[in-house]
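Right after this note come the structures.
In the two complexes that follow, chain A is the common piece, with chain B as its partner first and chain C second.
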Partner chain A sequence: MKNLKPQDMGKRTEQLVQLGKLMDLPAPYDQPGMEPPLTVPKDAWKEKHCTTLDGYVGIDTLIRPQTKAEEEQVVNSFLSGLAKIFSDDVNRNFLQPLVLSIKYCAKCNTCSEACHIFKASGGQEIYRPIFRSEVLRKIVKKHLTKSGKMLGSLVGADIDINWETIARLGELAYRCNLCRRCAQACPLGLDNGLLAREIRKIFSQEMGIAPKPLHEKGTMLQLKTGSSTGLTKPAFLDMLEFMEDDIFAKTGKKIKIPVDKKGADILLTHNAGEFMTWPDNPAAFAVLFTEAGLDWTLSSDMIGYDNVNYGLWYDDVQARRVAQEQFKVAKQLGVRRIIIGECGHAHKASAVSMDRITVGEDKIPVESFLPLLWEMVNRKVLKLDPQKNNFPVTLHDPCNVVRMMGVVKPQRQILQAICPQFREMTPHGVNNYCCGGGSGFAIMQSMNFPEFRKQVGSRMKFRQILQAFQGSMDPGTPKYICAPCSNCKGAIRDILEFYHTTEKFNIHYGGLVELVVNALVDIEKPFLEFLA
Partner chain B sequence: MILLVYIYFSLFIFVFVSLWKALKYAKMPMHSRWELYPVPKETGERAKYGGSYFEDYQWWAKPREVSHVGELKEMLKEMLFIKNLFVNQRPFWWLSYTMHLGIYFLGVWTILLGVGALTEPSGLPSFIYYATLISGSVGALLTALGSIALILRRFTDTTLRKYTTPQEYFNLLFIFAVVITGMMVWVGDPGFNYGRMIMKGLFTFTPFTHGGVLTVHIILLGALLVYIPFTKMSHYVGKYFTFHKVLWENEPNLRGAKIEASVRKALSYQPKTSWSAPHINNKGN
Partner chain C sequence: MVNLDVNGKQIGLDEDGFMINPEEWTEEVAMALAKTEELEEMSEDHWKVVNYLRNYYTEFGIAPMVRKLCKDTGYDLKKIYELFPSGPAKGACKIAGLPKPTGCV
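For the complex of A and B:
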């Protein structure tokens, strides 16, 4: 649709936008044929889901209604949830930031330039952070305010509220990584990311609609089995045994991983996805913690072995339930502190977002692993040889660790100490760009959503990666993207596979602790497999 | 006399509703932490590169250090210069800042008119006279220029036009109209004597003489003062909360910390209603 406006969200057209020319990528991906063309949605998806926004389906549980009555039910349910997010009874946790962000937008459009999705899409109107917010604002004006009811379009209450509007808005809430880079740029301190999240909350908490990987196979599965991966306690314990054998094979070190050690100083928690997909990461933690002589433990208790909290992205109630269980595990073990491993959103969930759900004896301090790791490197507790990491290394900053938590320096100090060819991405630190996997995108695999993630969501990150390695693209030189976060790793893995970057240009990815273990003097073989 | 009462009324509404709004935000329930770095009240270099106390090993065992000076500095940069817009969108900043700077000058001018009204009986100091003259004329010109430039920019820029509502044009036009009528009065009284006369009238509750244009100007200005706090032009209130109480609010909830009592109180709240999705009241199923 030409000259698209927020008001058009309610129009009954087949698809509001069709993505075309995306942001250019740097060399060598500036040549034709380096990227497959974008696809169109299948007819079956069009019939069953909402493809009328941009052709992609992010919410696989959002089903197109068959009757007028069903349509009305969805709209009414949304409007009921809309009223609730402004309630000081059920949305106390976000009422103040929400009201401020809804009321004071000056429409200066500064947020657009900060958004990696808007830029990567080639400037598609619907991906402007203000576009989504303005649709929500118009619905709020029309449905909840007297001025909107009396003055209509004069005060911006000019939007049709029908199933298409609501469904598109729901989908659009899943075209934002909640990275909050736009909020950093806002002269009034308003937060489009927060508004996207509030829309997701209405869908989940009121309408019972959320992407399966986040809800049914995410928080619900975690609360039921202990992990969103479905990993059960016996399987977890088996995995640790396997890991001990693997550590011995790789490093020659015989390590007994402590589990459920009562009264330990540290409870180390990992994203359970690490055990399943990147076991070298928890293994590296085990090597380093043992080497440093720390008094630590893992937990095999329900939820204690998985620190993820997908509720953070879409549902306050689920977020709180998961966090409560996780904190309970630490308390029962009687540990002095919780250390969060390489998972960005677990950092934010445990240390920041859920900081105010426990008090008194239930309150166990939460720390990032990064200051501890820097302490170990800086105090030379570990014997390290930086020459073992003498290849180009760049650092991806997980948004939840830097922008949302302010942990910026320790990871750089570590890399500067152990990687002679470390180079920053541009921009970096708190001004970084999201990997494109943030807020659940990394695990949302339904229908054509991965295409959106890989070619639009992660595009800016891919550009940054390529720029960081310009001058070192020779396939004979191994290169490493250090991404100390499971979801970020997942998103980066997918773009490297999609663009065949590893096979063509020898670019690899992984965590930070693996690099530290790789630099250990007393390990003969490289710990990083691509060096072997 | 009616006009005098009208001015008192407008000022009262402006101050009262602004304060009431601030109080409303201040009394809202404690929200979940939602900070965003850089947070200027972090100490030293951290405030610049966006670091926080979480960078300290065993941060929770160390005394909490907060830089109120850093916070104040950043706040002033934002208030006085609209720093974020300057950094992130320079072309728009020129227009917006022109108008805002004009309003700041007019604020100073108002204070100077008050000082002038108080000192006039014993002889108006010349620096007050000239400072009034400069602040008033610069303020009026900048505000008029900025507001009309913003209207034109919004109207001619295809993207901004999509997001600008009629009310938002009206707001800018309203400001422009007030300043233009003020400038029309000023043309007949370049020394702003009428302003000091009104101030004297307000201080002593004495009616003042007023011609047609001045009457129109006062009616419009009063209406604007009444209108502003009810609209998003009251962002002078909202902005304090978005930064200080949301983006820069990173007070950790530690055992025995001052904030713990507030957290305890917030946690004791029992909602009277509930969300409707099936999983909300049916945990884990």
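For the complex of A and C:
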């Protein structure tokens, strides 16, 4: 649709936007044939879900109603949830930024320029952070204000509120990675990312609609089994045993991974996805913490072995439930502090958000692993040889670590100390771009959503990666993207696979602790497998 | 949801072709699932991987780490990909009747 306006969200038309020319990629991906064309949604998805936004389905549980009554029920339930997020009783934590962001936007579009999804899409109007907010604003105006009810379009309340409007808005809330780069850029300090999350909250908390990988197979599975991966205690213990053997085989070090050690100084928590998919990461932590002689432990208590909290992405109630269980585990172990491993959103969930809701006796200090790791490197507790990491390395900054938590320096100090060919991405630090996997995208695998993530969501990150390695693209030179976050690793793995970047250009990815172990003087074989 | 017809019995699959009720798995179901993965024949090597996954899943309720799978079967990842072109999770686990992986994996 040409000259798309927020009002068009209520039009009962087919797909509002058809993606076409996306942002250009740098060499060697500037050549034709380097990227498969975008696909169109299947008819069955069109019938069952909401494909009328941009053709993609993010919310696999949002089902197209069959009757007028069902339609009305969805609309009414959204409007009832909308009233609640503006209520001090229900939404006290978020009310102030919500109201300010709704009220004071000057529509200067600084946020659009900051948004990787808007830019990567080739500047599609619909992905402007303020487009989504403007739709919400019009609904608020029309439904919740006297002037809007009486004067309509004269005061900006000119939008038809029907099922299509609501469903499209729900989908649009899942075209934002909640990276909040826009909020950082806004000259008025308004937060369009927060507005996207508030929409997700209404869908989940009021309407019972959230993507399955986040809710049913996410927080619900975590509360039931202890982990969103379904990892159970016996399986976890079996894995640790295997990891100990593996560490010995790879490094010659005999390490006993401490589990459930009461009164330890540190409870180290990982994203359970690390154990399942990237076991070298928790193994590397075990090697380094043991080497440094720290008093630490893992927890085998249900929920103690998975620090994720998907509630953060879509539902306050679920976020609180998961966080409370996690803190309980630490409390029962009697540890002095919790150290969060390489999981970005666990940094935000445990150290930034939930740190504030646990007070008094329940309080346990939560820290990022990064300052501690830098201390270990800086004080030469670990004997390291940077020449073992003598290949091009760049750093991806997880948004939750830099922008949300402000931990920026230690990771670069470590890399500067142990990687002679370290180079920054542009931009980086608090100005980084999201990997495209943020806010649940990395694990939302249903229907055609991964296509949106890989070709639009992660596009800016892929561009940055290629730019960081310009001049070193020769396949004879191994290259490494250090991404200290499970979600970011998942998203980066998927783009490297999608674009065949590893096989064509020898670009690899992984965490930070693996690089540190690889630099240990006293291990014979490289720890990083692509060097072997 | 789609149904897979296995000798007249309807087996429910999710949109990515994973079994919805893993307890319905039998060797016949595995062979039918293999066809959905464009594997015409299940060799001894295939069965070794599938049975290993199945046993691990029965004991622990979850898929094993890929590296453990490789070590315990004696096949490296390259060999696993040769046997199951969609890989250990999307290929081998699917045929072994394990549910779709969840979480940040």
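Rule of thumb we're sticking to: the second predicted complex is superposed on the first by the 532 of 532 C-alpha atoms of A that agree within 3 Å, B and C clash if a C-alpha of one lies under 4 Å from a C-alpha of the other, contacts with A are read in each partner's own complex, and residues count from 1 in each chain.
Note that in this section contacts are C-beta pairs under 8 Å (C-beta built on N, C-alpha and C of every residue); 3 or more make two chains touch, one makes a residue touch a chain.
Predicted, not measured: the structure shown is a model, and the values here were computed from it.
With chain A as the common reference, the superposed partners chain B and chain C fit together side by side.
Set against each other, chain B and chain C differ in how many residues of chain A they touch, and the higher count belongs to B. In the superposition on chain A, A:D88 contacts chain B only, with no contact to chain C. Aligning the two complexes via chain A yields an angle of 160° at the C-alpha centre of chain A, spanning the centres of chain B and chain C, rounded to a multiple of 10. Looking at the shared chain after the overlay, A:M447 reaches chain C, while chain B stays out of its contact range. By the touch criterion defined above, A:V308 lies against chain C but remains apart from chain B after alignment on the C-alpha atoms of chain A. Once the two complexes are overlaid on the shared chain, A:P234 sits against chain C while remaining clear of chain B.
Once chain A of one complex is fitted onto chain A of the other, the partner contacts of A:L415 are absent, as it touches neither chain B nor chain C. With chain A fitted onto itself, chain B and chain C come no nearer than 17 Å, counting C-alpha atoms only.
In the complex of the two chains, the chain B residues touching chain A come out as 25, 28-39, 42, 46, 49-61, 78, 82-85, 87-89, 92, 96, 154, 158-160, 162-168, 232, 235, 238-239, 241-243, 245-247, 250, 252-255, 260, 263-264, 266-267, 269, 271-280, 283-284. Across the interface of their complex, chain A is touched by residues 15-16, 59-63, 65-68, 71, 100-105 of chain C.
Partner chain B is touched in their complex by these residues of chain A: 3, 5-6, 77, 80-81, 84, 87-90, 92-97, 99-101, 103-110, 113-114, 125, 130, 134, 151, 153-156, 180, 183-191, 194, 204-208, 215, 220, 223-224, 316-318, 321, 337, 351-357, 359-361, 363, 365, 367-368, 370-372, 374-375, 402-410, 429-431.
On the chain A side of its complex with chain C, the touching residues are 213, 217-218, 221, 225, 227-232, 234-235, 238-239, 242, 246, 271-273, 275-277, 279, 306, 308, 343, 442-443, 445-447, 486-487, 490.
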